[in-house]
Structures are given as structure tokens and as C-alpha cells.
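Listed next: structures, encoded as C-alpha cells.
What follows is subunit A paired twice: with subunit B in the first complex and subunit C in the second.
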Partner chain A sequence: MEELRVHPGIQALRYTVLILLAAIFLIPVLFIAFTALKSKSDLLTSPFYALPQKFQWGNFAEAWNQGKMSMYMSNTAFICLVKVPLGIMIEALAAFALTRLNFKWSNSMFAFFLVGMMIPIQATLVPLNIFLNKTHLVNTYPGIFLVYVGFGIPFGILILRGFFRTIPKEIDESALIDGCGDMGKFYRIVLPLAMPAIATLVIFDFMATWNEFLLAQIFITKDSMRTITTGLLSFKGEHATDYTLMNAGVLISIIPTLVVYLLFQKYFVSGLAGSVKG
Partner chain B sequence: MTTRTLKPWLFLMPALVIYLTVIFVPSIYTFFLSFFRWNGVTPDKEFVGLGNYTDLIMNDTVFARALRNNLLWTIGSLTLIMGFGLILALMLNKKLKGRIVFRGIFYFPYVLSGIIVATGWTWIYNPTQGFVNKALELLGLESWKHAWLAEPKTALYAVFVAALWQGIGQPMVLFLAGLQTIPQDPYEAAYIDGAKPHQSFWYITLPLLRETFVIVIATTLIASMKVYDIIYGMTGGGPAESTQVLSSWMYNQTFKFANIGTGSAISFFLVMISMIVIIPYVYYTTKKSHV
Partner chain C sequence: MKKWILLLTGVLLVSIIAAGCSSGNNSGTVNNASPSADNTQNGGAKVNISLWVLNTGWEWLPEAVRDFEQTNPNISVEVTKYEVDPIKEALKVAASSKTLPDMWFTWGGSLGSFYAENGMTMDLTQVAADHKWSEIYNQTAIDMSTYDGKVSGIPIHLNVLGMWYPKNVYQKLNLQAPATFAEFESQLQTLKDNNITPLAFGSKGGWHTMRLTEQLLEHFAGPELHDKLNSLDASWNDPAVVKAFGKIKEYTDKGYFPMGYSSLDPSEAESLIYQEAAGIINEGTWFDGTIITNGFNPKDFDVFKFPNDQTPSRASVFAEMFQINAETEAAKQEAAIKFGEYLTSTDVINKYVEDYGSPAALEFNISDTTPHLKPLLDSAGDGGFLITDQALPQEVAQKLFEAQDKVALDEWTPQQAAEGMDKAVTAYKSKQK
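After this line comes the complex of A and B, so read on.
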């Protein structure tokens, strides 16, 4: 909706309010950044709003190396790099069966998967813990991938099924005439055509996996396997009074998200709106 | 014939097996466990019927506190987070320079993990050197200073302010998307008929945003019921259990006190509450999409 007429005064007021609000939103981040870049004595003596006397880039190196932020971050990156494609492949196969194979149980199976969206993670933790302990999968990557992929399935199927349904069925028939089997139909036709939906899902799944906390808290207890969320908490525990270092750690963990966000902002916004409409 | 009926199941199999293993079967087993008293270690579980549920309702004051906190959180989210989200969306849905920059700034905290937000804001609330108290000092408002996260009276609200900072962007983006689907014509017609801006808003914008409101309210309700990371990261449910919510109290009962039965019962309260929200929501949206 465009406005019919805008009084210049109203426009100026609008900018003032927006700039003020944006400043309020940015202050917490700036305060964290200022703290992270100060030396310990600088933090104690200079006013809180002052720029660092001398930028202490060493804080970052210390958090990165001794604080093990590098380890937590590469662990998380590894989990994301395996979990996201694996999960989406599994969800896409299922969504394909639900939409393009004349499956008699299609609607009831879809409803069955949707039930999963109603179940909070908490309602599965104890049995999952028993199961992973019995199968010796606690603190192993297969166990982590199993659990992480599992919780992505209902949402992934919901999104992909919604998109696959919009791909015209005539394409399937022409593929059949060209001698494409179902696997070929999946790889050569449906997957490439569904790329916009898949791209959105990749971004969302990546962020959800990167930010995951509860599952990591319960199922990854070995420090050398910790992800960024549980890692940051243990980092906070170990450096509770070392404020400059702690904030360097916080800032380090913000950066990857910021980069992904700036690169793919379009997907975040359109994807969120699209996924909800679908 | 058989291969044709079998084939869909083959494609479905990986998802189905994982879904059953990770979500479906465990949640049924949790339901079963909620009727027992068990510490998770001993081989035998003592059957107590609905005992865990009645205990929670009748005797567990922290559970009552947690329920109340979830309710407060929900009310705060539905008014403040949704309200500010709508206001920001309305302000940004105009010809403005730097619209994308503003939208980016307001939305960005939402993509951060709750734990990162919690860690950063814990520092902002630091009693001696945090931003809030330092700023109050600077303004000469020393008497307003608090140990925000360490006082039972202020802790929940302090955490909520951090959640507000993090969460506003989500409804804002949804409302923006909704606003962009509204055509220009009704506004022009209303303008010609002499409608005031607030009348256009009330009689055109709001009704046409109904779909978006359904989505925002549903996601807000679910998020408020599940809230965990930011509270665990900032207060861990303290001080004096004043910021416990259902999720964190479930975690404590199960994994700290080893009351598996009680924890399972709490998690089934969570399931029931989410069913109350999600079933009507799914019903509403599927009914729409079939039309």
C-alpha cells in the first residue's frame, strides 16, 4: 500500500521514530562489542559508553583459541553441513511419495507426520536418552544426526509437500514417456523444479540447527563435541568474571549468523512469509 | 501391482523410520512413564496412576509458578511483541529510504540463538558494570538500579525485555508480508468517500490482515509455551525459582532431580497445551487451502 499523500512533517517524524528505535535495537550489540574490545583495566576505569582506548583484538584470539570457541564453532558447522542436506534429502523423498506416486495413504500419512509438530521436544527426551544409551549412540555423531534429523522431519515435509504439489502433473507424464523411472523423476524433475523451496528450507534448517540448544544440552555432553550454544554456556561458566573475554565470545558467535543473514536476507524474509502461506 | 503399491513406502521409509524412532514412539513412552514414580536408574518403576499429575496441580508450588509465568509470557508476547511488530510493519510499509536497512536491524536479533541473546543480555544487566545500571547512574537515577536478574521481582520481566528485543522482528516481517498483499483500491475508495486514516486502518487494514493475525497469534502462542533457551541462559529458572516456566521445570524435575515421572507429566501438559493451539490452527488453515 502506498500512501496517497504524505505530509513532509509526518515523513520526518517517521524517520525520527525509526532511527530512534533502530538505535535502541543496536545499543545492546554495540555495548557488547565495546566491552569485547576493551582491556580489563580499560573496562574498569573508562565510562561504559566510551570507545576502547586501544582496540584489544587479542581478546578475540583468546576466546577463539583458549576459550575453545573455534572448536565449538567447527563442531556446529560440521553438524550443520551433514544434517541439513541429509535431512532435506529424506524429507524430499517422503514429500515425493506423498505427492507424486498415487499413494493411497497420502493424506493420512501426511497428517501422521504433522502430529509431530504438536509434540514438544521435551516430551521425547527421556525415552530418547534411554534409547541412545542402550544403543551406545550418546555423544556420537550418528546419534546426534538421528535426533537432529528426526525433529526436522515434520516441518520439512510440510514445506516440501506444499511446494511439490504446485509442480504440474503433466510434467510427470512427459517424463514417463521419455522413459524416466520414479527415481529419475525425483532427481531430474521434481528436485530441480523445487529449488526455490529447497533453498529456503536450507537457510531455515541451517539456522535452526546452528541455534539448537535443548537437544545439544541433553545429548552432547562431551566438551570436545559441544556446539556453539552449549559451548558458549560452558565458556560463560568458565570465564564468568572475565567480562571482556566473555563478550568477545558472544561477538564471535554472533558473526557467522550475521554473515549468513546478510548474504541470504532475501530468503529469510520471503521464505518466512511463503512458508506460512503455504 | 505389488511393486507399485510398495514403491511409495520405499520413498517414505527413511523419514518414517526416523520419525517413529525419534518423535512418535518416545512421546508415547513418555506418556506411559508419566503414570509411574521412577528415578531413571532402578529397574522397577512404581505405578502411581494419575499421582504425578495430581501432585503437580495440588502440591507443586513451583509448577503453579511456572504455569503463571508461561501465562504472563504469553500475554506479554501477544500484546507487546505482536503490537510492536505490527507498529513497525505499518511504519515500514511506506515509501522510505533505507527501508531494508531498518527491516534488517529489527529482524536480525530473531535469527540469533536464544543462548547468545541470553549471554549478551546477562552482561547488559550486570549489576555493577552492565549497561542498564550504568545508564541509570548516568541519568542520575541511582535509586532505580536493581540486580535485575538476581531479584525475584524483576528477573522475569528483565528476561522478557531481552526476549522482546529478540522477538519483535518475526511478527514485523509477517505483518509486512501481509500488508503487501493488500491492494491499493480500497484505500483510494475510502479516501474519496472521505475516510480518515484511522478509519482506513480500522476498517480496511485490520480486517484484511486477518490471515496474518491467525498465523502470528498461533506462532506466538506456541513459542510462548515452549520458551526455554533464553530463560535457561539468563536465570536458569532462578532466583528462588521465580522465573521457572514449564519447559525449564520439566528439565529440572527430569534431569536434575531425577523425578522422571513428574518430568514426563509436565511434558504432557506441554503436549496438551500445544494441541489446544495447533489443532484449531491446522483445521483453520487446511479448510482455507481446500477452498
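After this line comes the complex of A and C, so read on.
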């Protein structure tokens, strides 16, 4: 087959636009890196876009130690490692039921789940605080998992239901003939075929959980349980902020999300495309 | 595949159970406002009090708590630390869900008044009289912890604002701290003529410009009207308010502020002072510490009181305090008072004076590292007015920030800004009825 030729001018224009877009996204990261590598006096006496006079690599070690980042990152990693698979498992089971079990009110139930996306988290803080206090779940991991999983469910079901619907039902019928029950269809057929959507959800969910701030600041008040987003605030005082260490901390804190994205990115586009069909 | 899923599910369940067990000891400890008193120790009932306080700037607290617990073995203190914005958010959520701790740190003015006016804080008026607080704490700090005639907090800090400048800049231009408003304005022009940004203000958030606006209001309106404006007892559509906004417009047009100052972060504006590219910044008693933290020497800077040409010449001040839960049991309240008075005592201040901040107590030793603390505190000797964002209800304060920005950006005339403020006050008052 003859390859579709693109006019060199259009190709150049395309690359120019892409480079410009990349620059728009990368420039803030670059300034964060410059700030992280400056001394405090260098930061305050030179323009923010200037290169550091002397590269202060020690800022990263200082941010790591002073900001207790190993503890905060471990706590956040633990929360992500439990919350993300647990949430996706629940969401996948719900999406499977909604798309495969053919019960009467499946569409209404799907709409009910979606309502969860429309409730502002801020409006739930007080009732959640009362509930978690009464059940003694404040400052406990089960309390956090409960809240995080709950808020993640609507989006997860939205993505997975869309993808599950693209899997032909004839496969289900074949599985039924081969003796598969509903759970067998779920584990052996639907779940393996939905890996791109699940990988997409892992990326979204991991990033959302890793970067979550509002709920963490209210419901995790014990320092030994704090997450990275609230931990980074320790560089911000009542009257002054240590921007060099804070930016060094920010750069360190984005590494895990970057790793997760790189690991799952090959599924990302197909997962997202499938999930929004039909 | 099935085995893999089962294995994963098993691991998750074990993790959750383990997490639940490991965190079980922590459950309910922080947001639980009324943890039951523990069993006896040394024969007496042990009282456990919970305290919410700021994280940064309170690094001395754990040692002070240990000392207190050693001398008071029947009291234990459970400290929860928050950053600035999170503590405001957490207190509001806790207040709405009736899960406030036994005592908490808060700012004075409209931030602290919320808890007092809604009956959530213990009335400390009798305690203040019995314990002779007027001989221990600065009266201004006590006044700023008092709402509707009731003392509702133990004063910790009294912050006073002033105009800071790099000595080098003033020496090079043969300038001295101005004594009058006219002299102040003339210095702004001198600085501008010498390519130095006169006012290092970054008004993102509104505070920097607000600190100038309130001094201009004090200058044009005088103390009496200024207080009435802040207490919403006078109309903001007043010639004095128009003149104050007019000055903001004039200074903006003359280039006395950094370029784009309305959206500039205060810390970016502050950097101009260290570069000696700007002449004056309006900061408070905490600024010696900020200068040191940023790697500079406070002795290279000096501070003057804003010359508002009024008698008495009042400074902008704000207090910080500990409030005590009105609902908590009496034994805990008693322990909380004892602990609060201990933390604000001269002995504790002197022990941690380098990190303590600007104490509300009358007697304490001044550290060499904070050379401007005493002059600033003394500058409030003629009295002080409460800083505007704490004096005004929060929604009216937000309107003031908006009005300042709109005047600077030519979207409102000073007259429109005064009218806008007046409308916001009327709307706020009608909601309160």
C-alpha cells in the first residue's frame, strides 16, 4: 500500500505547533527546577527565570530530610497501593453487573452512580467528619480508604462501563456454552479484554489519589500518617515560604506518578478511546 | 487469572486489616473533642487535653509540652499540627460537626470571632480578672481576644506592622524615616526618581495593598471613623474612603508599585527589597525572622511607623490566641487554661525567644536576632487598630481586595470602589438580620 504523503510544509507546521505546545507545558516545570536548584538568596536576588548562579543539588537532600518526605511518600504509596486496586476491583464488578447482567434498572442505577460525580467534595466534609468521628475512623487507614474509594467509584464505573460495552456479547454466549458462570465470564473474559481501560484507570486513579489534598488535610491529622501533598505544606509558614525546598520537594514528589504513567501509557489512548464509545 | 485475582484480593484484605489494626491506636484521637479522662496516675485522675496548633513556627512546642507534662503529671497534652490554611479549614469543619478539640490556636478579629460568637469558646473573662491578665499580657492583645465584652482567648502573639526598608537604599539617597505623611510621599517620589521601586508590594491575595489602604484610611478618616468603618457602623461611601482609594490609583499611575503588582506574589515583591531594587515593604514583627530565613541580616534593614498624621498615631496590629472549647468538661477546661497560661508565660517565652514570634506578654527578653521586635511593639504604644482582613467580615474583606484591584486596573474609579464597598457592607448586614 502506498504511504500517505504529507506536504513538508504541513509537516513542519505540525512539528512547530507540537514543539510550542510542549514548551507551554514544560516551561513551568523548568522554572520549578530552576527554583529548586537555587539558594534562598539567589532566588530572592535574581529573576525567577534566571539560571541558578550555583546549582544547589543539596536542596533535594535537605527537602527530603527536613520535609520528612520518605515518611510522607511511603504513606501515600501505601494508600495508593491499596486504594487503587481495591477501587478498580469494585468499579469493575459494578460495571460488569451494569453491562452484562441485564437487570431491569441497570441504566437508572448507572445514572445513580454518576450523581456521585456531581456532588462537590467540599459539601461532604462536615457529614463525613461527623460519620468518621462517630465510627472512630478519623486518622485511620480504613477511614481513608472508605472515603477515597467512595469518591473514585463514579468515575471508574463511567470509564469501565463504556469499555465493557464494546466487548461483543457473543463472547459471553460462547463462554456460557463452555460452562462459564457470571464470575467466570468476569474473571476469564471481560477483565482480561478490558486491560487497556483498567490501565487507563490505574493512571487516573493513581494520580488523583497521589495528588489528593482536601480530604487528606481534614481527615489525616496525625503527622506519622500524613500524605505527600499535605506534607509539602510544611515548607510554607505563617509569614514566609521556603520556595527552594518546596520546589525541590515537588520535583521529588512527582517521580512516582511519572513512573506509573510511563509504565501504563501504552494502554492509555486505547483505553480512553474504548471507554467513551457507545 | 482467577488465582491471580484471588491472591490480589487476599493481599488487599490482609493489608486493610493490618492497616486498621496498626492505626487503631490512633483512632478518634484528634477530632475527638472529648476523649474520656484516662485512669489515675499517682493516685489522681489524669486529664487528657487535645490542642490544634500551627506546624511551622512552633518547633519549640514539643519540648515545652514535655516540660509542662513533667511538672503537671496529671495532665497530658495531645498536639495536632496544621499548616496555615488547613487549620482554618479543619476548625471550620470541626465547628460545623461539633468535633472541636479542647483548645486551639486561632487569629483574632473575624477569624476568631466566629467561634466566640457562636458560643463555642469558653468565656475567660472571670479567669482573666482572677489571674490578673492585665498585668501579664499587653492590653491590646487582650482587647483583640475579646468579643462582645467577653474574653474568649488566651493571647499568644501580638503582631505589629511597620514600613521596613533596606538601610543601604536610604543611606545612598540621604533619606531618613519620614515623620509626616507629606514627607513619606516625597520619599516615594525620590525613590522613583532614582529608579528604585518605592513600594515592594505584591498584592496577589490582597494583603499587601490592604496594609497600605488601611493606613490611608487611618490618615484620611482618622481613628474614630476608621473604627466605625471596620465595625460597619459608618458608610464606606465616604469622602475619606474615596481619597484612600484615590491614593492607591495615584501611586499605581505614578509607578510606585512593581509592574503588575495586583497579581504579584508577596514573596516576589519581597525579593525586590533584598535586591535593594525597592525602597519600602509593609511587614510586621515577624519580618526579622523572615529576613534571617532568607539568608540576609536583619541589621541591614530598619523600620518606621507609618506616618498617618493622626493623634493618637495608631499602628496596624493583630493578635493570635488559644481558644478553649465551651463544651468540653470542666476538668479539661481548667487544664487547658493552665497549659495556655504556661505556654504564654515569660519563662517559656524567654526560653524559646528566638523562635517564639512576637509575644503578647508584657515582659520578656529581647533576642539580638530580632532587633526590630521591641521598636515595633513600642510603636503600638499609642494604640492599634485591628488589621483590616481580621476587622472586617471575610466577605467584606474580599470585596475590599476586589475594589483595590479594580481601582489599580482602571476598572473602577475611587468613587465606584467606595460605592462597591458600601453595597457589600449593606448586603452583608441584610444577611445578618
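As a working rule, the second predicted complex is superposed on the first by the 190 of 278 C-alpha atoms of A that agree within 3 Å, B and C clash if a C-alpha of one lies under 4 Å from a C-alpha of the other, contacts with A are read in each partner's own complex, and residues count from 1 in each chain.
Simple rule for what comes next: a residue touches a chain if its C-beta (ideal position, glycine included) is under 8 Å from a C-beta of that chain, and two chains touch if they have at least 3 such contacts.
Just so it is clear, the structure is predicted and the values come from calculations on it, not from any experiment.
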Report task. In the overlay, answer first, second, both or neither for which of subunit B and subunit C A:I153 touches. Result -> first
Requested in this report: Examine A:Q56 and indicate which partner it touches, taking first as subunit B and second as subunit C; both and neither are also allowed.
Outcome: neither
Query raised in the report: Which partner, subunit B or subunit C, is in contact with more residues of subunit A?
Result: B
Query raised in the report: Looking at the overlay, what does A:M118 touch: subunit B (first), subunit C (second), both, or neither?
Result: first
Requested in this report: Scan A:V82 for contacts with subunit B and subunit C and give back first, second, both or neither.
Outcome: second
Query raised in the report: For A:L233, is the partner it touches subunit B (first), subunit C (second), both, or none of the two (neither)?
Result: both
Query raised in the report: In the superposed arrangement, does A:N139 touch subunit B (first), subunit C (second), both or neither?
Result: second
**Report entry** Touched partner set for A:M207, first subunit B, second subunit C, both or neither
**Finding:** first
Requested in this report: Could you tell me if A:Y243 is touching subunit B, subunit C, both of them or neither one (first, second, both, neither)?
Outcome: both
**Report entry** Contacts of A:I218 with subunit B and subunit C, given as first, second, both or neither
**Finding:** both
Query - Set of subunit A residues, in rising order, touched by both subunit B and subunit C - result: 43-44, 48, 125-127, 218, 230, 233, 236, 243
Query raised in the report: Which bits of subunit B are touching subunit A when the two form their complex?
Result: 5, 7-12, 14-16, 18-19, 21-27, 29-31, 33, 40, 88, 91-96, 100, 102-109, 111-116, 119-124, 126, 129, 131, 134-135, 138, 165, 170, 173-174, 176-177, 179-180, 182, 184, 187-188, 191, 205, 215, 219, 225-226, 228-229, 232-233, 247, 250-251, 254-255, 260, 263-264, 266-268, 270-271, 274-275, 278-279, 282
Requested in this report: Flag every residue of subunit A that touches subunit B in the complex, lowest number first.
Outcome: 1-4, 6, 14-15, 17-18, 21-22, 25-29, 31-32, 35, 43-44, 47-49, 90-91, 93-94, 96-98, 101-106, 109, 113-120, 122-128, 131, 146-147, 149-151, 153-154, 157, 182, 186, 207, 210-214, 218, 228-230, 232-233, 236, 243, 246-247, 249-250, 253-254, 257-258, 260-262, 265, 268-269, 272-273, 276-277
Query - Of subunit C, residues touching subunit A in the complex - result: 1-2, 5, 8-9, 12, 15-16, 19-20, 22-24, 26-32, 52, 54-57, 80-86, 89-90, 93-94, 96-99, 267-268, 270-271, 274-275, 283-284, 286-287, 289-290, 293-296
Query - Interface residues, subunit A side, partner subunit C - complex - result: 39-41, 43-45, 48, 78, 81-82, 85-86, 89, 125-127, 129-130, 132-133, 136-143, 145, 184, 187-188, 191-192, 217-218, 221-223, 225, 230, 233-243
